[in-house]
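Okay, so subunit A shows up in both of these, paired with subunit B first and subunit C after.
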Partner chain A sequence: MWYRSRKISLVLFALLMLIPFGAVTLAQDVVTIEWWTVNSEEYSEEVQRALVEQFNAEHPNIQVNITVLPESGFTERMTATLGAGSGAPDVAFFWDNNWFPQALDLTSYIEADPDLDPSMYFEGFWNTRAVWQDKVVGLPLGVGANFVMYNKDVFDEMGVAYPSPDWTTEDYIATATALTDPDQRRWGGDRPRGPFRAIWRNYGAFPYSDDSTTIDGYLNSDAAVASYTWLWDLVASGATPTPADIEILGTEGTGPIDLFLAGRLAMATLNQGHMLTAIESGVNFGIVPEPQVVGNERYVNAFSLTASIWAGTAHPAEAYEWLSYWVGPEGQRFLMDNGHLFPSLPDVLADHANADKDYVQAFFAVLELRQVAEWVNAHPCNGTVLRAAVDAWDLVNLGEIGRDDIKATLDSLVDPAQQALDECVARLGA
Partner chain B sequence: MSLNSGAAHPNDSFADIDRQLRRSNLTTALRRLTGNGFLYFIMVVLALIFMIPLLWMFTTSLKTRQEIFVWPPTWLPDVPQWGNYADAFAKYPLARFMFNSAVLVMINALGEVISVPLIAYAFARLRFPGKRILFIMMLSTMMIPGQIKLIPLFSMFSRLGLVGTYWPLVLPSFFGNPFFIFLMVQYMRTIPRDLDEAARIDGAGTWTILYRIILPLSLPAVTVMLVFTFLWTWNDFISPLIYLSDFNSYPISVGLAFFQGRYSVEWNMFMAATLISIIPVLVLYFFAQRHLIGGISTLGLKG
Partner chain C sequence: MLASWRRLSPMARREALEAYLALSPWLFGFVVFTAIPIGVSIFLSFTQWTIVEQPTWIGADNYVRMFTRDPLFWQALKVTGLFVLISLPLKLVLGLALALLLNNRLPGMNFFRTVFYIPAVISGVAVSLMWMWLLQPDTGVVNTLLDAVGVKGPNWFWDKDWALPSVALMSVWKVGGSAIIYLAGLQNIPAQLYEAAEIDGAGKWGRFWRITIPLLTPTIFFQLIIEMIDSFKIFTEAFVITQGGPLKSTYFYMLYFYEEAFRNFNMGYASALALFLTLIILATTIFINYTSKRWVYYESE
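This part shows the complex of A and B:
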């Protein structure tokens, strides 16, 4: 009897001793996910912290640790950590395509997730920002697009009719010219600073054949010549600031928004982030898509940010849990309602608080257009050839070639571009 | 006789000589005054030119966003927006960021003051095998661009588990800085060895010579080192960006970058915050300028 009770006591003692270890084990079960993000006009640091708090409260087994970085330094930090192969975050924006090889393939996680269906997202953004080389490298957060913002006060002052959504590239030059006032150093509109923007595609210009083999007849096609000629006419009109003006007066990589806000640019090709700034600044503006070329398909420069899981993460399942929450319907709705995000999920975007406003409707309409990025992402060698197209674009922009020299200039670029394409295709494939 | 020469003729009366001397002194004084006035004028003009960016920064900090890029440009805002300063501080914890910068500056300065004279003294005064090669090796590290060292250093600190702390930002200063060591070595070499020898005859050891003879005489070089450490640490953006993770631990250099959004820059608030952030630098320069200019001229530094 004494022996038995002693045995029971020992067992009880042993169990008591295990309690703290059990507690330790439970504590260790809480996984910490490192998340790097940026402070943006669309989602402030404060709003993102609130989202994390909500997630952490709902998921006691996962704690997301947020690191908010300045927009201007995010790329440097990601490049350094991914290059070092250690210290990278579990979840972060992978907005540089060069980082995609280090992103976890989410295909199996999405297949096993009953709450996440790729069809929930805008198809164009899924194709361009989530899928890379037949892998799902991330989920697209938010949507953005370029469109032409026009200052209604300037139009009224100059007695010029507001542009309509179906306006043409020729209308653009005529309108910009009518709005230009050299005395006030005011320009009617800005000009595309590089080729392969929506207008270039609207002309049907294409740098090489779809099978990535031929340059001749594409880079120097009639369509390409027409797009360059349009730029030449725009430059010659004097209705736009020069590249030097924009460089000096514009902000670093943030577009001519400052000139637009100051009323010195009556029309400017901007995006939804600029739109938010203009609303905040009280500018009376309207939005139209970039001008079309009658008879051709119309394109848009649209974009989204890829949010990914680092392939080196020690907790892929928990990281996916957070990623699908952040970029899924719940997170994007939270960032839309509490911040200024335009979600990449049409069903969520439809509930936007300002969905009935003209400018938001115009923005939604732009998102329906075909994306220039669809071609860019489908062709790994696009950069090689676009360099040649940029050279010619710059010559026109700087006024260094005559209108009649455009065809000859493009012809002269064909051979070196073909050589570069051949070398690239041999390395990376078509 | 030339009035300007100031020399008197033997036949001149005493009164004439006195008059001529007075005139001559007056002319010299006038000429000096004119010359100095011209110099001062040039200096004031140059100072104003150099101050234009600061003035522009100040007026921009008081404008609305729409006013900043208007044509013709305006120096003064229609209604000064003093609230931009309050808004900048309300938007981000700028005071906290500046405090963090001050902490980093102080620790780095301490590290440099401890390590640099020690190393420099060894190179300047002591004899040991391989000294020349070690000195060349140390100097050669100055030729490696920072960007190349960034990833290996990050990798090293990451493996040491120090990422996310201030250690990677302050630890290196306790191991010397090749540029400052080079400066200090050059300076110490100009101090006569006789002083060391006299001290040694009086019974001083190496440490005593360093800390009681050499270091006090190297004050101009130490001042230059401290001021440069202050400026470099205060303005360093990339290192804190790479190593720190906690928002509240960022220094002001990183904090200011938050005013640049993804699509635009809040120039007015950015200028307000920047203006506040450079005040410590200006104060330091104000108090240290005499030593700094003396030190720089002694060390032959320019630019």
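This part shows the complex of A and C:
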């Protein structure tokens, strides 16, 4: 009797012990992937949820759980969770380069994936947003770039010829001056938003040496002096709004689109999002790249968002499945067709609804130029050095120095910039 | 401590336990949200930490860099010190002046008290944007009015010499908050003191200097400490309007701290900066507290 009851107890105990294992086995059949994203003009929350639904339906073993965060709070939340080492999403935008050490290296996953190849993406965006320190830290979602949008009606009214894609920095000032009309409170063009962006690169100017050791001879090089002198001439022309005008009259930090739409700016350096806004507003416009310097290589300030897998994910294979769907041809096509995304895949982008329009063709051409981001991403101290050297920018913009003082001003900034570079390189590397 | 605990009567012990129990939510909050973060911050100030990687111990290098190899630190310190020196006296004096006006017994005074207090409760970002518009050099209200009386207004936030005074002007505009505190202090002064002084032949000026100011010194002392701390922490205005420019003329300490912490992810150095500012504020507070024995009068004295 005693033996029998003990036997029953053991069987019951064994059954009880099996229950959790059974539950785990069932749970493992469906893996949940946490995905953090943002709501943007290019891909609304609604469209992204529809994409997730489509993916979940096609992949019964994976369920993507979407969390849509406000763009303003995304950076703080990602930084906090990555810093804490727990609670980070399996898949998310890794749009800050400082997060890359915590991104899963995708090299082996891509090599094993017959449907995804780096050559499918724009080369420039792959190099700047997917590869970091010889690792593939993510896939680039969407493309964007700065270019000059010009209002054809204003050009026609003033009898000025439209700019051509091969226009020069001198052409820019001459055109802006010809279009400026104080009576109508209209400026011909705007100013660059910071030094050492596309136009500085077009002049061949770099803030420091490529090995991140030397400021002298770079920040104050002939090329840098030439680019600052060009800015000085542009400011002196009176053909552009002052920084005060831009801050007060412009409502967007990304470019003076509102002034452009209002016809107060005949030309403005804007991006593909602004282009869509201009189309909706019915403005008659064209697009050209930022002006070049004859004989020099031409650059573009272009951008894309890196989408990555957190290195601490418990489900890397499933996370890759979702990532390669979202940022692969299928997902980007879905976001293009249902939203406003310009995909980072040329073959998909070629099918864009407005691909035949001249301004969209001009935008596509801009995407092929060499990117400012190549330098910026390869030099983590770029921002720190520019912060130390910002005085030259302020002095020229405020009209505080003469044209002949530019070289001396840049010379005076060499020491503080070198100090900032040395400190930063010791901390972040070259 | 144990011995003193044993000396307590059972009733006293129970009362002490109840007191600690009542205090425990605050104690918990203090330890978790204040004491531990301060401790961690002190530790981090001796490290190099980019948030997403492990902190690396570098000894006192952050402090050495701060004092010997960082011109931006000195610039931020200079600008912030100047701002404190300009704005603090202005806020104290104008706050008191406004409180004296609001202390008058006139019809509709409550309305004015509310109106002057409103700036203190408006979001700093909204206030900053409003002042950007007011002080726009070409089309702003202030320069338009100046222009109407034949005065050429400056470029305000967009002029290296005027940017800092412009921010100070903005901070003075929010003086209504401190005026309300002054007002409470003024209304605590017994009316019979004024009546007695009047009977003794004291004029308005005499009553102000010999009654109002001395009896208001505890409030002035409180305001001095609070406004001083507030001035050292100036951030929003520079962050929204000037980004520290032009020519770093509004490159305030907290803006520098923010850039190091949340733009450069240089948390170790940012912690050192934060601790140094805490020490400055602490030292200034101790100094003011020390001098207060000579100029602050309490009714009980």
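In this section, the second predicted complex is superposed on the first by the 392 of 430 C-alpha atoms of A that agree within 3 Å, B and C clash if a C-alpha of one lies under 4 Å from a C-alpha of the other, contacts with A are read in each partner's own complex, and residues count from 1 in each chain.
As a working rule, a contact is a pair of C-beta atoms (placed from the backbone, for glycine too) under 8 Å apart; a residue touches a chain by one contact, two chains touch by 3 or more.
If you're wondering where the values come from, they're calculated on a predicted model, not measured in any experiment.
Peer 1: May I ask you to decide whether A:A302 touches subunit B, subunit C, both, or neither, giving the answer as first, second, both or neither?
Peer 2: A:A302 sits against neither subunit B nor subunit C.
Peer 1: Applying the document's definition of touch, where does A:E400 land relative to subunit B and subunit C: first, second, both, or neither?
Peer 2: second
Peer 1: In the superposed arrangement, which partner chain does A:E41 touch: subunit B (first), subunit C (second), both, or neither?
Peer 2: first
Peer 1: Determine, under the contact definition given at the top, whether A:D258 touches first (subunit B), second (subunit C), both, or neither.
Peer 2: first
Peer 1: Specify the partner with more touching residues on subunit A, choosing between subunit B and subunit C.
Peer 2: After superposing on chain A, more of subunit A is contacted by B.
Peer 1: For A:G83, is the partner it touches subunit B (first), subunit C (second), both, or none of the two (neither)?
Peer 2: Touch partners of A:G83: subunit B and subunit C.
Peer 1: Using the superposition on chain A described above, determine whether A:L69 touches subunit B (first), subunit C (second), both, or neither.
Peer 2: Once the two structures are laid over each other on A, A:L69 reaches subunit B alone.
Peer 1: Have a look at where A:L345 lands relative to subunit B and subunit C in the superposition and call it first, second, both or neither.
Peer 2: After superposition on chain A, A:L345 lies in contact with neither partner.
Peer 1: Under the contact rule defined above, give the subunit A residues that sit at the interface with subunit B and also at the interface with subunit C.
Peer 2: The overlap between the subunit B and subunit C interfaces on subunit A comprises residues 76, 83.
Peer 1: Show which residues of subunit A lie in contact with subunit C when the two form their complex.
Peer 2: Going by the criterion above, the answer is residues 76, 79, 82-83, 98-99, 101-102, 242-245, 247-248, 383-384, 387-388, 390-391, 394-395, 397-398, 400, 416, 419-420, 423, 427-428.
Peer 1: Touching residues of subunit A toward subunit B in the complex: what are they?
Peer 2: 34, 38-42, 45, 65, 67-73, 76-77, 80-81, 83-87, 184-186, 249, 251-252, 254-255, 257-259, 261-264, 271, 273-274, 276-277, 281, 283
Peer 1: Which residues of subunit B touch subunit A once you look at their complex with the stated criterion?
Peer 2: Those residues of subunit B that touch subunit A are 64-72, 150-152, 154-155, 158-159, 163, 237-238, 241-242, 245-247, 254, 257-258, 260-265, 267.
Peer 1: Considering only the defined contacts, which subunit C positions touch subunit A in the complex?
Peer 2: 48, 50-53, 65, 69-72, 132-133, 136-140, 155, 157-160, 241, 245-248, 259, 262-266
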